[in-house]
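Input: structures, listed below.
Shared between the two complexes below is subunit A, which has subunit B as its partner in the first and subunit C in the second.
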Partner chain A sequence: MKVNGFSFRRYFFFCLRLLFRQRREVALPLFFFLLVSSLFPLSFANHAVPLLAPAALWITALLSILLSLNNLFREDVEDGFMEQLMVAPQPLGGLVAAKMLAHWVAYILPMFVCLPLLGLWYNMPSDTLFVLSLSLLLGTPTLLVLGALAAALAAGLKQGGTLLILITLPLATPILLFGLTMVDMSQNGLSYAAARDFLAAMAVVSIGIGPLVTAASLRIGMD
Partner chain B sequence: MTSQPLLTVEDLGHSYGAAEIFSAVSFVLAAGEILQVTGRNGSGKTTLLRLIAGTKSHDSGTVIWHDDANIAVLGHKNGIKGELSPLENLSLYAPDAKTCVEALSRLGLERAHHKKPCYMLSAGQQRKTALARVLLTGAAVWLLDEPFTALDDKAHETVTALLTEHARTGGAAVVATHDRLDLDKKILRELVMS
Partner chain C sequence: MIRKFSSPKTFYPLAGKLMPWFFWTFAVLGLVGLYWGLVLAPVDAVQGQSYRIMYVHVPAAWMSMMIYTSMTAAAITALVWRTKVAEYWLLCSPGLGASFTFITLVTGSLWGKPMWGTYWVWDARLTSELVLLFIYFAILAMKSAVPDRRKAARVMAMITVVGFVNIPIIKFSVDWWTTLHQGDSIFRKGGPSIAPAMLVPLFMMALSFTSYYFWLVLKHIRTMIERKPV
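Take a look at the complex of A and B:
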């Protein structure tokens, strides 16, 4: 049983176009990231700022991603679009992956564009900024997958946003810790390869199975 | 009717908790047939369509699709994005804009509305966009839940004509509606949910 429908690529660009039309909402988590990150240097003594910078940026990025996830699937469920995805000929997991990729491009990629600016604001050495960016690059796919899974479970619930945060935060903690360990090792002149490899492995596993598990959650939620 | 069956439903039943919605629903839908599903509110018409579409799991019975039949679904909700225009919504199903324009025009949606965001359109115009999507899928079996909602008389006739044409070209449809389907008796069958 199938229906003539759309490809992964076409759906990816469809999601991007939709996110562009919703750019005011899309910009909010980025503004949150910029605003909250820029407050930390004002709150601490100058000498402490470079030391706190990685943790401040990582935690703010995590919260910003959580903020962006509330509407990942909820609108699709509410307007009936999820039903169309579920009867599409392509596996739902593939379409979920396309949506998540578009979400990463629209919400998370702009954070990386802002990082050099924040690095200046935090007076962060360029090599630390590089490792921090790398840790976020490797960590954010896993954070996104964990959040998407929670968003799928919470999609049909009225208070889904709170549930999403409660589910995701504990699961995201190891990623946060490994990301910060990576930067800390680098700052102390040690090899950060182990933490980097762990984050990379988690990213690969998350990207590989995350959309499938999320799709299964959506089907259960819609049932 | 000697046409090949596209869909067989046998002893289908569903309950919400302890409340049984329906049980032992059976029918065979063949190419060239339109099955009208009627019944009072809450009799399970929408649930039946969702069970057939596979978006909901059933408690008992079987749903068998023959020959890998394609399906198109129109639910209570239109499944279109308000921020996008009808053409942009349909671009998922047909990248060629001309095909999308043709589908929208067949439903009677004026060209002036093709590029407006759907949230600026009326409920009927949004419903027409969703119906145009059904056309674009090229599916053999249409599952339509209250397709005439918010449509004016002219659009009602258009959809009825499209159903007739679909059946005559070898398609089939299951239509849950309170409206009377003014179709040829040769292609129309009725299932009453009680």
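Take a look at the complex of A and C:
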């Protein structure tokens, strides 16, 4: 797919390469994810851990995604690269989409790799672990888009990082609740199709219009 | 039409003409509605006197959602047509919306203690209303973080439109989930389930609250126009 000399694949790999070169920084949110996830089983009584596990992992995942989003546009805005992208003939929505996909691969995909380990920490049955992973897989695109939108709006601001969290958390609450409903239903042996379909629908909408809305927000934020 | 109505030059005198109407609707209906609701309306067979808090709680809850909906309309107008009045509308509404949401939560809690035996439960209606309060706070935070007024309005507009998802969730939460909060008793199939002697003052209060909001918004927008002449 090429529009005005813009190749989604090339820019995606470009972003990925950049992220790989700063892999120590990229690892920080993942480290945060592991650290906080280990705090929950430490601080609660043993019998409460399985009960608590899905909620703890979902909240920790949400927070570490927010932590990672702080870096999504900030450097590009600060060193002027974002302004270059805006005046470039390539569609900004496409550039943002490639950037967000690279962000998902670099920051969020490793969390899924760690999930089986966390399942062991939390003594989670494999069924629950599967449904939890599925709920996170369907939920993270929407979380990423909501956070990217907030990051774009807060890009040039002094308190950007705090504002990003403040804006995203209330907007992300429904996603969190539906994700946990899914796990809860499956734990009680009920069908979790309704919550799964809702999350999937939100993910499709987010992937479809998210990059465009984020690009528009960047233009507003950089105004 | 939008362009003509929303140019500050047309809007300013129009708002000036409308303001006294809203003010007197607010004042007269508010006083009559409060007296009728708190003194004249019959005592509830089950809840006793404490049901009377609904004359503040229910209109405030309606306002919390109505203000957000009006903000969403203003946000879309501001983003698409970049009209100044829509931006002003957006700038001065979230504070009022947050106040009404806060009143809703507080009066609801006070009623919940004698009726449910608890100030707060995490049921869908209460939680989504609390989320609405946090969304209002997020919008207000962005307002204070962006120094330029017009840019602030457009940043707020983006968040408002995205956050609108929460409004249908609040409205239908009592139908979609099993909640401790009772279901709709006014706008429902088969007509309201409240006696007219209790219902009429409720509508008076709702109309009074709405007029209060419009009166304040118009006043606020006029002040903003005055401060920065076009």
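Criterion: the second predicted complex is superposed on the first by the 217 of 223 C-alpha atoms of A that agree within 3 Å, B and C clash if a C-alpha of one lies under 4 Å from a C-alpha of the other, contacts with A are read in each partner's own complex, and residues count from 1 in each chain.
Note that contacts are C-beta pairs under 8 Å (C-beta built on N, C-alpha and C of every residue); 3 or more make two chains touch, one makes a residue touch a chain.
Since the model is a prediction, treat every value here as computed from it, not as a measurement.
Trainee: Between subunit B (first) and subunit C (second), which, if any, makes contact with A:F14: first, second, both or neither?
Mentor: first
Trainee: Go through the superposed model and pick first if A:Q22 touches only subunit B, second if only subunit C, both, or neither.
Mentor: first
Trainee: Considering only the touch criterion stated at the top, classify A:D127 as touching first (subunit B), second (subunit C), both, or neither.
Mentor: After superposing on A, A:D127 lies clear of both subunit B and subunit C.
Trainee: Looking at A:L146 after the superposition, I want to know if it touches subunit B, subunit C, both of them or none. Which is it: first, second, both, neither?
Mentor: second
Trainee: After superposition on the shared chain, which partner residues are touched by A:D223: those of subunit B (first), subunit C (second), both, or neither?
Mentor: A:D223 sits against subunit B and subunit C alike.
Trainee: Who does A:D197 touch here: subunit B (first), subunit C (second), both, or neither?
Mentor: In the superposed model, A:D197 contacts neither subunit B nor subunit C.
Trainee: So subunit A touches subunit B in one structure and subunit C in the other; where do those two contact lists coincide?
Mentor: Common interface on subunit A, subunit B vs subunit C: 223.
Trainee: Which bits of subunit C are touching subunit A when the two form their complex?
Mentor: That would be residues 127, 131, 134-135, 137-138, 141-142, 145-146, 148, 151, 154-155, 158-159, 162-163, 165-166, 169 of subunit C.
Trainee: For the complex, which residues does subunit B have touching subunit A?
Mentor: 53-57, 65, 68-73, 75-84, 88, 91-93, 95, 117, 133, 136-139
Trainee: Sort out for me which residues of subunit A touch subunit B in the complex.
Mentor: 1-6, 10-11, 14, 17-18, 21-22, 78-81, 83-84, 86-87, 222-223
Trainee: Under the stated contact criterion, what part of subunit A meets subunit C in this complex?
Mentor: 146, 149-150, 153-154, 157-159, 163, 166-167, 169-171, 173-174, 177, 213, 216-217, 220-221, 223
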